[in-house]
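Here the chain labels run A, B, C and D in written order, and each chain numbers its own residues starting at 1.
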C-alpha cells in the first residue's frame, strides 16, 4: 500500500508538472506565466521530497518558489507584462524539438530502472561518502557533510558565483535610492498580521541555519529565508522603510564578508601544513575540527546568500522609484 | 509494467525539457524565454534526483535502524545548482530590464527590427549617468 | 483506540471539506463566490487535517511545529482572502449576482479588457 | 483513512489547477494559485506522515511561509503595475 501511494503521488505530480508547463507556455499574460512558474517550483519541490531529497526540496521551495517568483514579478513591473502573441510559433523550432526529444527518449531505453540499487551511479562514491561521514565527520546529515567538507572546493566556487551574480546585477541596475513614505492604499489588517510573521520567518531562518547538521537545512536555505523576511517587510511597509532596517550600503560588504569567512576558514588549515579547506587542522580533535569548520563555512555561505539575495531584490525594486 | 513505470520519470523529464527548449526557441518575448530556460533547468534537476533514488531507501540523514540510504551526491550537486540557477536568472532579468529601458520593448523581433533600422539611436541610455 | 478513531474522523472530514472547497472553486459563478468557497473551506479543512495528524503522532516536537503550522494557516488564509478581495474590488471586478446569464460572456470579455488595459 | 485523505488532496490539487488555467480574470488565478499552495502544505503534512518523509514538518512550515510571501508579492506588484491605480 505504501509503495503504491509513493507511485500514485509520483505519477500525479509529474502530470501536474506537464500541465503547468504547458499552461505557462500558452498564456500571454506574463504575470500569470510567472505565477504558474511559482507553483511549478512548488510541485517540483514536492516531487523531490517524494524522491528522498529533503535538502533539495527545502532549497527549491525557498529559492525557486519564493525568491525566484518575487524577482520575476519585480522585473515584470519594469518590463511590461503582456506578450506580443503575433510571433509565437515556429515550425522549424517544433521540428527540432520533436527530433531531439525522440532521440533522447530512444536514449532512455539504456537507463537503469528507477530506484535500482545496483545501478552504476549507486555503486561508486556514494557508499564511501556515507561510510566516511559516519567515521570522520560524525554529523547525521550526509548532504551537509558532503557539501561543506568533502566537496568544499565546489561549494566555495558556487558561493563565489552567487557573489559575482550579485555584483553583476548591481553593476547593471545600481542600488537606487528610495525615501521612506507612507503608503496610502495599504490595509491595516495586513500591517497587524505581517509583523509577527516577520519575526517568525527570521527565527525560522536561524533555526534552519544551525539545524542544518542534523536535519534538512543549511546556509543556502537559511540565507534565502532570512532575506525573504526582509522582503516581506519591504512589500508591506514600503521599500524606503525596509532600507532603514537593512541599509543598502551595507549589503555588498556583507556579501563580501560571507565569501571571506569561507575563504579564511580554508586558509587557516594551510597555516598548519594541511591542504586548503581541511578542517581537521582547526582543532586538536579532528572530529571537533570538522564540526567547527562546517559551522563556520555554513555561516559564511548563509551570510553571502542572504546579502546577495537582498541586494538583488533592492536593485530591482529601486529602479524607477524616484520618478 | 515494471519497465514502463521504471522509465516514466525519464520520459516526463525529457518532455519537460523539450517544452522548455521550445519556449526558448519559439517565443520572442525575452521573459518568456527566461521562464522556458527555468523549466529546462528544473527538468535537469528532476533527472538528477531521479538517478539518486533507491527503492525503499531513506533520505541520506543517518539514523538508527536504517541501512539503505538514497544517493547523497546528486542532492549536493542540485542543491548548489538551484541557488546558482536563480543567481544567473537574476542577472538575465537585470539585462532584460536594461534592454527594456534602451529599446522600449522586450520582444526580440522588435529589437532586431530597431537594430536594422539606421535611424534608430538609443535614446534613453542611462548607464552613462 | 478512541484517539485512532478521532484521528480518522478528522482526516475524513478534512478530506471531504477540501474536496467541497475545490468543487466550489471550480463551479461557482463569479469571483467573490469562488473566493468565499475556497477560503471558508480552507480555514476549516486545514486545521482538521493537521489535528488528525497530530493525534496520530502523539506529543513530540513535531506536533508542536504542526500546531505552529495550524496557527500560521488560520491567520494567513483570511488575511490573503481579505487582501485579494480588496484588490479585486479596487481593480473593478463586479460583485453583482443578478447578471447571472451574462456572467460567462462577461467574464470572457473581462480577460480581454484587462489584457488591453495592461498594454 | 490517511490514503483517502491523500487522494482527496490530489484531486483537490487537480481541480484547483483547472481553475488556475481557466481564469477568467487574473484575481481568480491568484486565488487558485494561493489555494494550490495551501493544499500543497496539507499534502506535505499528510503525505509526509503516511510515507515517513524525513523532517516533513520543517518543509511544510517553510511552504506555508513562502506561500504567504509569494501571494502578497503577486498582489503588491500587480497593484503597482496596474495602470488604473496610482504608481506608488
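FYI, contacts are C-beta pairs under 8 Å (C-beta built on N, C-alpha and C of every residue); 3 or more make two chains touch, one makes a residue touch a chain.
This one's a predicted model, so the numbers in the text were calculated from it and none came from an experiment.
Just to note, of A-D and B-D, the chains joined by more C-beta pairs in contact are A-D. Distance from per-chain Cα centroids to the pooled protein Cα centroid is smallest for A. Per-chain CA centroids place chain B at a distance of 31 Å from chain C. A straight line joining the Cα centres of chain B and chain D is 21 Å long. Centroids built from CA atoms put chain D at 10 Å from chain C. Of all residues in chain C, those touching 2 or more other chains are 72, 76, 79, 83, 90, 118, listed in ascending order. Multi-chain contact residues of chain D (touching two or more other chains): 26, 30, 53-55, 58, 61, 65, 67-68, 72, 78-79, 81, 85. Those residues of chain A in touch with two or more other chains are numbered 29, 52, 54, 76, 80-81, 185, 190, 197, 200, 215-216. Per the contact rule defined earlier, chains pair up in contact as A-B, A-C, A-D, B-D, C-D. Only residues 72, 75-76, 79, 82-83, 86, 90, 115, 118-119 of chain C touch chain A when the two sit together in their complex. Partner chain B is touched in their complex by these residues of chain A: 7, 10-11, 14, 17-18, 21-22, 24-25, 30, 33-34, 37, 40-41, 44, 47-48, 51-56, 59-60, 63-64, 67-68, 71-72, 75-76, 78-80, 83-84, 87-90, 93-94, 96-98, 100-101, 104-105, 108-109, 111, 113-117, 119, 121-122, 125-126, 129-130, 133-134, 140-143, 146-147, 151, 154-155, 158, 161-162, 165-166, 168-169, 172-173, 214-216, 218, 220, 224, 305, 308, 312, 315-316, 319. Those residues of chain A whose C-beta lies close enough to touch chain D in the complex are 1-2, 5-6, 8-9, 12, 16, 19-20, 23, 29, 31-32, 35-36, 38-39, 42-43, 45-46, 49-50, 52, 54, 57-58, 61-62, 65-66, 69-70, 73-74, 76-77, 81, 183-185, 190, 194, 197, 200-201, 204, 208, 211, 215-217, 225, 228, 231-232, 235-236.
Chain D contributes residues 52-55 to its touches with chain B in the complex. Listed in rising order, the residues of chain A touching chain C in the complex are 28-29, 80-82, 185, 187, 189-190, 193, 197, 200.
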